[in-house]
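Letters A, B, C, D and E mark the chains as written, and numbering starts fresh at 1 in each.
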Amino acid sequence: MLSTIAPTNTWYLVLAAVLFGIGTLGVMVRRNPLVMFMCIELMLNAVNLTFVTLATAMSDINGQVVVFFVMVVAAAEVVVGLGIIVSIMRRRTAATADDLSALKG
Amino acid sequence: MLNLVWLIPAFPLAGFLLNTLFGRKLSEPKSGVLATLMTAASFVVTVGVYFDLLSRTTEERHSVFTLFSWLPVGSLKVDMALLADPLSITMALFITGIGSLIHLYAIGYMHGDPKFPKFFMYLNLFVFSMLMLVLGENLLVTFLGWEGVGACSYFLISFWHTRDSAATAGKKAFVTNRVGDWGMMTAMFLAFSSVGTLSYAGINAAASSNHLAAVTATGIAMMLFVGACGKSAQLPLYLWLPDAMEGPTPVSALIHAATMVTSGVFLLTRMSPVLHAAYPWSGTVIASVGAATALFAATVAVAQTDIKKVLAYSTVSQLGFMFLAIGSGAYVAAIFHMITHAFFKALLFLGSGSVIHGMHHEQDMRKMGALRKVMPITGFTFIIGWLAIAGVPPFAGFWSKDEILLFAFANNRFLWLVGVVTALLTAYYMTRQVIMVFYGEARWNDHAEDHGAHGDHTPHESPWMMVTPLVVLAGLAIVGGAMQLPFTHSTKFLEHWLEPIVHHSERDIAGTWADNNKWLLLVFAVVIASAGIAASIAVYAKGKARAIEPQILADGWRYDSTISTFMGGPGRKAFDGISAFDAKIVDGAVVGVGHEVRALSGILRKAQTGLVRSYAVIIGLGAVVMLAWFLLRGVL
Amino acid sequence: MLLAASLNGPDIPWSHILPLLIFLGATCALLLLGSLIPSWPRVGNAVVTISASVAAIVASVVKWNYLHWHKGDTYIADAIAVDRFAVFATIVISLAVVGASLLMSAYLSRTDSEGPELYALFMTAAIGAIVMVSANDLVVLFLGLETLSLSLYLLAASNRRREESQEAGLKYFVLGGFASAFFLYGIALVYGGSGKTSISTIHDSLAAYVSIHKTDAMLLVGIGLLMIGLAFKVSAAPFQVWTPDVYEGAPTPVTAFMASAGKVAAFAAMLRILTVALASRADDWRPVVWALAILTVFVGSTMAVVQTNVKRMLSYSSISHAGFILVGVEAAGHMKGNGLNSSMAYLAIYTVLVLGSFAIVLALSGVDDSETSLDDFKGLAKRRPALALAFSVLLFAQAGVPFTAGFVAKFGVIKSAVEVNSYAIAIAAMVAAVIGAYLYLRIVVSMWMEEPTSNNEIVIARPVRYVIALSVAATLLVGIFPDLLLNAAELVRFAPK
Amino acid sequence: MELVVFVLAAAMVLVGAIGVITRSNPVHAALSLVLTLFGIAVMFVSHEAHFLAAVQVIVYAGAIVVLFLFVIMLLGVDRSEDISIEPITAQRPLAAIVGLGVSGIVIAALVSSRSAISTSGDGIDASTVDAADANIRQLARSIFSNNVFAFEITSVLLIVAVIGTVLMARRIKLREAGK
Amino acid sequence: MHVSTLIANETAAAATHATFPILSALILVPILGAALVAVMSNRRPEWVKLTATLFAVATGGMSIWLLASFKSHEAGFQFVSQHDWISAWGISWHLGIDGISLFLVVLTGILFPLVILGVDPHHDEKPYLAWLLLLEAGVMGSFLSLDLFLFFIFFEIVLVPMYFLIGGWGYDKRIYAATKFFLYTMFGSAFMLVGIIATAALARHDIGYFTFDLVKIAENASFATNTARWLFLSFAIAFAVKVPLFPLHTWLPDAHTQAPTGGSVILAGVLLKMGTYGFLRFGLYLFPAAAVWAKPAFLTLATIGIIYGAIAATMQTDLKRLVAYSSVAHLGFIVLGTFAITSQALSGSVMQMVNHGISTGALFLMVGMIYERRHTRAIAELKGIQAVAPIFAAAFMVVMLSSIGVPGLNGFAGEFLILIGSFQTARWWTVVAATGVILAALYLLWAYQRVFHGEPDEANSSFPELKAREGILLLVFIAIIGFTGLYPKPMLSRIEPSVNKLITHVEEHSTFKAPVGKTAPTETTTHEGGE
């Protein structure tokens, strides 16, 4: 019975949207910069899923190519981001995002 | 001679300029002599012009001398032009004539004043302005003089400006006059917009040829009357004149008795065709205001103790008479009274000045008395002036006042009655003054210590410069009535002389009851005057009755103080309110916007917490709103 | 079969991507030279960078003239567009690199630090920016955006002696990544809605069919997501929150670079995406730009009112400038008039102004780049009148006073807005400019009408002087003879339309 | 079958994602992230994107997450974060609005226009569809022909990453110490 | 007809250009002077002052030369000079002068040298002089521009030097005042900028190409009724702030009070005139129908301003602030005349712009002199000055009477023309406005009494009399006051043709009909000119 119901592309897209939302939420509620960063990765993955799904839906390989590039971007971003985080954390261990608020107003 | 008419104002102007430039060098008394000579020269020219006019036929007694084009814009063409005709020359004659005398008098009166040259500078400027006023060919030139005399009056009233009362009086005079000026300006606007010119000839021609709608004519007339009220101290604008007595006495004599204050009368006479073309009720308004002013001022004069204040209120009262005449259509009578009044009131003022001078600047009549003995000439001439103003025949005032009452009777008997009562009161308070100053006991001895500073305790007669004008004016006050005697048609010289000006609008009373019984009215007037004099003698000389001098009369029916209270109280509050409105509301709104922006900035700044997660929320919320818009655009 | 499917790559017109190549080459050279030659002089870094930028400018100018005779087109399988728009923006970006490098050399010698990496990052950022302005493909554009952004994150955090710099870097990074994700998601949905990622193709494909109700939602939400990402980059309110903190915290030369090159690239991308790819949906996105513009001008100018740090003030002013440029974008959204041209002219002028302004801030900010409060500017006219005058000129230019380039810029965008009947936005922008002027006046007041608080001698390094002098000169020159710039800006077009 | 795969993968994805945002210990969060990444990889497989699935596992789960863990260990910041408190006022409700809002709006848009997903793509080369390496070849062809420019740009991106690492890792002369 | 006038303008431009671009020189010479002063060494201050004076005098001399060679009885623009400037936007350097702007230019030319010579800034003379010269260039530019854009930028640029003059050399609340002045005026021009662009953009339809040329737009463009009204209002806000018209006036008292004496003189003398001039040149000329439509509103505001400004002036405790409020009232008259649109009223307005500049300028000078001597402007602290400084008091009195509007002095000539002209088309407003003359006497005389009359107290008893330099300075003002008051004809004959042309223009482009002057029935017989 269940097997007759095939998940359509929309299902995937909706799932991706949900994932994106969770990622968004995470950036806002987590204080550890590393975890915030992970949440951004969640968002990127949601996009990737969307691209792949759309590529299938449209029978267009370009959607998958984009995912490839996004992964490169994600990698580079991680390197840079972690570099910045490390350089901060080396000086101020256990600093949360909330602690970095000297600039304001 | 007629083309030399420009010399009439030119002499005083030259005197003014010379005194402005060299007055300090000339100093006393040369500057005074210079000013006097200039005025006298002007008088001589005026006499020449007068005889030139006299030598012409009635129709040719009209000459315009254009100096230059003053304000030519579009259809408005205003020339700086002088008009020589019977009216203006009559005015010029007594302005320069009496002016010369008062100048002469002032040389003595102002002796020792540190600002002696300045006084004569102003005096000459005044004469110049006054001459421009009367010689003006159009309303605007007259207005130039009109404002000029106002300014000079201001300078001269506040001549002793270190005295606060003098400064305040000067300001009051100027501002009150300005109220009148507003009326005169409005009249000019109306005249220009309806006739297209400001020249007297043009306006009067339009009025007499029925080119002027009655309603417009009424508007012009009423607005001119407002102007005249201001300048000629009529109700409700009279209140500056009593205060103007703060000025030196020659000023009071020249400006606030003989000349400037009569310019309202002159103006209305000049524009008599317009008045004639106006609705009849406008005449009634003028006459009523005049009568009311006359009576009002007379009642106040009864209770004054300041020698000059009595004369000031008397002047207001007499001016009221002139307006009563104008309102009754008796222009000749108005001018007639104006001239005689100039004689005797100048005389009285100069006399009072002489008394003040002799009394070392004491003006309170209660501290005088029996001065006749120490100041014989002053006393004698003053008494002549008194007789003239009280309406005792055959002195000048009698004839002119009688003529006014005659027309008033013919016009409106109630107003006539008011005039008669006023005449009675005039005789009464003038007699009171003469008795208080020149008769009775010498009360000045009691107060001698007050004048200790002057060294000389006894009053003294004034020097010849001051006495000579008194004598001359006394002569004029005696014979002045001769210019218009009611006996026959041919004895009415003034009427014939002024005919080109007023023939169109002068009220014709021939054949009325008043005209037929004018001798009866004349006798009645004599009786009234005698009654006033008698009553006064009874009260003040014989002490047969108690003087009726209620405080409310001394206070001028509290009119002035009410206005002052209003101005200082609610008026000032209103002004303060507007000023506060400006600061708090109008500027407050501007400053408020600034403050609001600043406050908003402070609030928005709080959103800039420095917390990266807050920023994410703000961005996220912005994103949601934006996406919602697009979703709606897509779905709906 | 494998052989048969041999690769047929697209032609690569090397000359058209010369600026990119120059920067790339210079980047590599810089990294290698610094590590290979032990005695490589510090100044050499700046020389290489500036030479590369100048070379890029020259190449671009040549290309500009080339475009006078040839039609612009898209190349490398539609990946990039070669048009006057891209060339103009490239020149401006390269100029920003020159200016920022000059400032950086002074900054580095003051802090006595090495720094080939920083120059290299300027150039990689420039590459990213140039890719963004010339990209004809959303994916390429995204990659350019990331290249630019990553470089800027690093640059912002590069002063590791200052905690503020680090904080700025992290904030920028986190929020930038967050916004990039939105942008990317937008690409995905637009891709879903149009089937393409190529900008000119999207234009054709979207123009081909009339939007049907309820089926356009994905595309439109995609546009929305794209715009979120772009609005973040251009610091349009309410996505501007990061700007003041990052601008204040970043080293001053970097701030100057971010405010100039960063903004140019972001706006260029926005213009190209919106008015080329999404032209047929202009009625949907234009109101959003309208709202963003008004919000931005007011937020930028209002929030500046109570600030006390000059660097922060200038960052708020940059927000309000962004609002003004958005006015131009909105005008461009009417698909007529010259909103595009005026926006680009504005960006060029703003680049000059912002470089000069931050140069002066740098000159005064002390060794550790932290003396930027308003008090530090008090009485500057008494200490260094010429400097105060120069800053006043730049500030008045930013306020939009006539005879300065700033006025030309503002006038241009307002003109383009008015010409397409966007009166409300034009008036709102002008009113906001009045509020904004208060900010500049406050600085001017401090400089001219107050007494100095310190008497330390102000040493201005020579490169900083050059930047200040050149930007002031350019400000006045363009202010008095706007044709110099306008004649070029009016030629800005997109290829291949 | 497809349904089962989808449900399981979706469960992985969602559980992992929720784990990332709810685990107080960053190490746990990283591990949850791995779960999500695996879930995504599964989905890639079900979309016939084998190459990407592989890369997903190798690069993402393998390299990136490891990098995360590395940093966590390096810095010793594996202490738990107290999730039960939220120092910023109204942060969570607002965050929830944003999260739900973004998801909700996108979902609504996707659902309403699901029929309009464009089918005008370049298509997947039919001749190679059956081959085992079809997906890889397709991708390669696309990357090195039509997307060659983008591909080259990624190299710049990586250069930036390298420079960044150098920059951030460089020892600094801490001025404060000298003072 | 339009074409022919245009051609005439062009040929005139060519002819004048061949000789000497005098109008451009009027703008450029002060700029040159400012630049020179700015770069001069500080070591020889007297040289700096001399240079500034020379340049100001040269500009003044050129303006006088302009006055002398201006063809009276000619309505169009003279000395026209036109060059392309910003071709990308259709903007040209288009300058010209007619009867309306002539005297404002001359006033500017005269006022600046007087201020430079007569007022001492006390410190930092060099920048002060440079700013003044720059200000002069800006003011000249505003009055000479015949291009909307050109006008706008000059209109705006004057803010900067004025801002610095107030902020740098003013009194204690100078920064507040300068900032308020700058922002308030800028706020006004914000609308005008949009209006200018919209005007040019909409006029393109009728002209065929994009241009900001005032003459072309005014003569050729026809705007839809509502459009023209909005455009007019956008200009009007800027001018109303500048004038300033009630209720947008509150920057003025602050700016005037806090500005240094020289700044106040210039501010009152010429800067405010940019607003009233703007109403004429860019209100009536550009949008005749809309101006006629807005007439009642502006007449009302002007009348309120007259009364309100006078009342507010009465209650001021600071002498300078009082004069500032009196400006509000006086400028109300000018606006009244402008919107009455009759030959007399408009001529009067133009004339009054100059008169107000002279008399209020002189008043500010004298208030400045009082401040120099007593270091206060509070009326309450001054007393009895006439007793110790009679010549100073006399000079003040003359100027004050001119300000009050006593006939024979310049203030009256303008005011009277305005009122008599306005009465024909705006009767009731004029009647109310005329009461302003009462109030003017009230506040000025009251102030005079408090400051000059009375017995001088200790602080005032050593009030020094006028110095020779000050005396000569005031003498120039008084001479102008007297001459224009008594013989305004030369001035009017140059103003009137342009004004009439403007009225004709308004009549052609709107339903408005100026009242036809009535001729008195016996007009011909009365003017004989003596015997």
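Operating definition for what follows: contacts are C-beta pairs under 8 Å (C-beta built on N, C-alpha and C of every residue); 3 or more make two chains touch, one makes a residue touch a chain.
For clarity, every value in this text was computed on a predicted model and none was experimentally measured.
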What chains, if any, are shared contacts of subunit B and subunit D?
A, C
Consider the two chain pairs B-E and C-D; indicate the one with the greater count of contacting C-beta pairs.
B-E
For subunit B, which other chain has the most distant CA centre?
D
If you average the Cα atoms of subunit B and of subunit E to get two centres, how far apart are those centres in Å?
37
For subunit C and subunit E, let me know how many angstrom lie between their CA-based centres, rounded off.
44
Between the Cα centroids of subunit A and subunit B the separation in whole angstrom comes to 96
How many Å are there between the centre of subunit A and the centre of subunit D, using C-alpha atoms for each centre?
5
Would you please write down the residue numbers of subunit B that are in contact with two or more other chains?
605, 608-614, 616-617, 620-621, 623, 627, 630-631, 634-635
For subunit C, write out the residues touching at least two other chains, lowest number first.
139, 143, 146, 150, 153-154, 157, 160, 170-171, 174, 178, 185, 189, 192, 195, 214, 216-221, 225, 244-245, 307, 438
Which subunit E residues reach two or more other chains?
none
Touching pairs here come out as A-B, A-C, A-D, B-C, B-D, B-E, C-D, C-E
Over in the complex, which subunit B residues touch subunit E? Could you list them?
2-3, 5, 63-66, 68-76, 79-81, 118, 137, 140, 143-144, 146-148, 150-151, 154, 158, 161-162, 164, 166-168, 170-171, 174-175, 178-179, 181-182, 185-186, 188-190, 192-197, 199, 201-203, 205-206, 209, 211, 575-576, 578-579, 582, 586-587, 590
Considering only the defined contacts, which subunit B positions touch subunit A in the complex?
605, 608-613, 616-617, 620
Which stretch or stretches of subunit C touch subunit D in the complex?
5, 7-10, 12, 24, 27-28, 31, 76-80, 113, 117-118, 120-121, 124, 127-128, 131, 137, 139-140, 143-144, 146-147, 150-151, 153-154, 157-158, 160-161, 185, 189, 192-196, 205, 212, 214-221, 225, 368
Which of the residues in subunit C end up touching subunit B in this complex?
170-171, 174-175, 178-179, 182, 213-214, 216-221, 223-225, 227-228, 231-232, 237-239, 241-242, 244-245, 284-285, 287-288, 299, 302-307, 435, 438
For the complex, give me every residue of subunit B touching subunit D.
609, 611, 613-614, 617, 620-621, 623-624, 627-628, 630-631, 634-635
